[in-house]
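Consider the two complexes below, in which subunit A is the common component and subunit B and subunit C are the respective partners.
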Partner chain A sequence: MAHPAQMGFQDAATPVMEELLHFHDHALMIVYLISTMVFYIIVAMVTTELTNKYILDSQEIEIMWTALPAIILVLIAMPSIRVLYLMDEINDPHLTIKAMGHQWYWSYEYTDYENLTFDSYMTPTQDLTPGQFRLLETDHRMVVPTDAPIRVLVSAEDVLHSWAVPSLGVKMDAVPGRLNQTAFIASRAGVFYGQCSEICGANHSFMPIVVEAVPLEHFEIWTAMMMEDV
Partner chain B sequence: MTEEGGKGQGMKLLGILDVQNTPCARESLLYGAGGSLAAGLLHFLATSRVRRSYDVGAAGFILTTLGSWLYCRYNRAKLRIQQRVIQEGMKNKVIYEGTKLDPTQKKTED
Partner chain C sequence: MLSTVSRQLRSHPALIPLFIFIGGGCTMSLSYLARLALRNPDVCWDRKNNPEPWNKMAPTDQYKFYTVNMDYSKLKKDRPDF
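Then we have the complex of A and B:
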């Protein structure tokens, strides 16, 4: 999860999010250099004693300030398109989970092998135990196996919601009557937090998402336990 | 930019660029500073024009930083992809060893 006053991204838990972080670093460095250049030009223009009232045009500088931005845009666009297509790759998922948005909780359906369905409500602040995170914890987590392509089908039962987990690099709108697909591979075990990302009413801020990635054997134990409870 | 591997808080240039924990950032900025100094100094020695030498120095910083950054990031990206391919291959070798899907077995035509 994010720590207080955090400005950057959270640590990546999927290969796609790693690539997004690398692209962000790349774009930010270019933006930083452009800002440095603009700042230098402003200082130079403010501090010069020279004036030229009769200049009408200059082919050289106009070529420069047309060609250079075009080159910079190409340098940004190439990795951007690469990441964009990487995010859309179809990777033969091992597991499909349906995430349904409700007012104001998420429900998850694991129906590949058995019919496992459960709701995921936010843990109220007064019920938190020491070490738990306020407004982020839920009573039931969406558990997934690590190193396995997971497909998440996102939809909603009432109004618009959005299923988002920053660490996984995933955000998908939950639209009533529509099935949206997203996929990820959790490359490390851990607990990853997200929040509803589409305004959906009074408790929009109080329907978090918790994804727990565990090794496959632990995932099988968890599904067996959940089937007994359900 | 995110911190990598639980390292301590890096120095953030202008509060945004985490120089220590972003791969290639520190090297690029150092090369840029060196390139800026070299370009500005050489220009001044050749022309004795102070203001223009500052301009050349600034341009040198930007071009050297950008060039070093692109070179370093491109090589890191290639290495990262190679690492993933190797990891995937090792995983497939372990999983499929002894079966017809073993990637190390030469495919024979039927």
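Then we have the complex of A and C:
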């Protein structure tokens, strides 16, 4: 989840999010270098006492400041296209989970083997126990096994919602009448928080998403327990 | 038109990289659009003979422009024919 005064992304929990982090570092470094150079030029222009009233044009510098930005843009575009296509790849998922958005909660359906369906409501602030996160905790978490490609089919039952978990590098709009597909591989065990990312009414800010990644044995124990309860 | 441009280019050679990059960018965009129009299975050109090409997708075909990790030739076809 996010930390107070956080400046960057949340820690990555999937290989795709790691790639996004690295690309962001690359692009941001280029942006820092260009901004520093521009700021230096501005300061130099403003503080100089030299003048030249007779310069009309210069072909060499024009070539430079056409070619160099174009090359820089290509250097940004190549990793960007790579990450973009990487995000679209869905390699043989082990598990398919349906995440359905409602006003104002999510429901998860694990229907590959048994018919496991449950709703996930936000824990109200007055019901939080010490150590829990306000406006982020839910009564039921979406539990997934680690190191397994998971396909998430996202849709909505009433209005637009969006299923987003920043640590997993995943955001997919939930459109009523439409099935959207996204996938991730949780590389490490942990609890990852996200929030509904498409305005959906009064409690849009109060329908969070909690994904808990556990080793496969624990996932199987959890599904057995949920089947008994539900 | 071309003679005017080449005359101006000779006196302002800084325009040459501009032509190269803008021309290259336009070429790349238009070829990608053409690839999408002709190769994308979501596009239907011939309503009589090939009305729904998206129903004829094989699992081993690569429809995307670039693959990072996936090897489409290794995928098996485990679904029935439509």
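Basically, the second predicted complex is superposed on the first by the 230 of 230 C-alpha atoms of A that agree within 3 Å, B and C clash if a C-alpha of one lies under 4 Å from a C-alpha of the other, contacts with A are read in each partner's own complex, and residues count from 1 in each chain.
Convention: a residue touches a chain if its C-beta (ideal position, glycine included) is under 8 Å from a C-beta of that chain, and two chains touch if they have at least 3 such contacts.
It should be emphasised that the depicted structure is a prediction, and the values quoted were computed from it without experimental measurement.
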item	value
Subunit B versus subunit C as contact partner of A:Asp25, first or second or both or neither	first
Which superposed partner A:Asp11 touches (first subunit B, second subunit C, both, neither)	first
Touching partner for A:Glu89 - first (subunit B), second (subunit C), both, neither	second
Contacts of A:Ser205 with subunit B and subunit C, given as first, second, both or neither	neither
Subunit B versus subunit C as contact partner of A:Leu75, first or second or both or neither	first
Partner chain in contact with A:Ile63 - subunit B first, subunit C second, else both or neither	second
Greater subunit A contact set [subunit C / subunit B]	B
Partner chain(s) touched by A:Met37 [first = subunit B, second = subunit C, both, neither]	first
Interface residues, subunit B side, partner subunit A - complex	1-4, 13-18, 22-23, 25, 28, 51, 54-55, 58, 61-62, 65-66, 69-70, 73, 76-77, 80, 84, 91
Residues of subunit C defined as touching subunit A within the complex	12-14, 16-18, 21, 64-70, 75
Subunit A - residues contacting subunit B, complex	7-12, 15, 18, 21-22, 24-26, 28-30, 32-33, 36-37, 40, 44, 48, 75, 79, 147
Subunit A residues touching subunit C - in the complex, by the definition given at the top	57, 59-60, 62-63, 66-67, 70, 81-82, 85-86, 88-89, 91-92
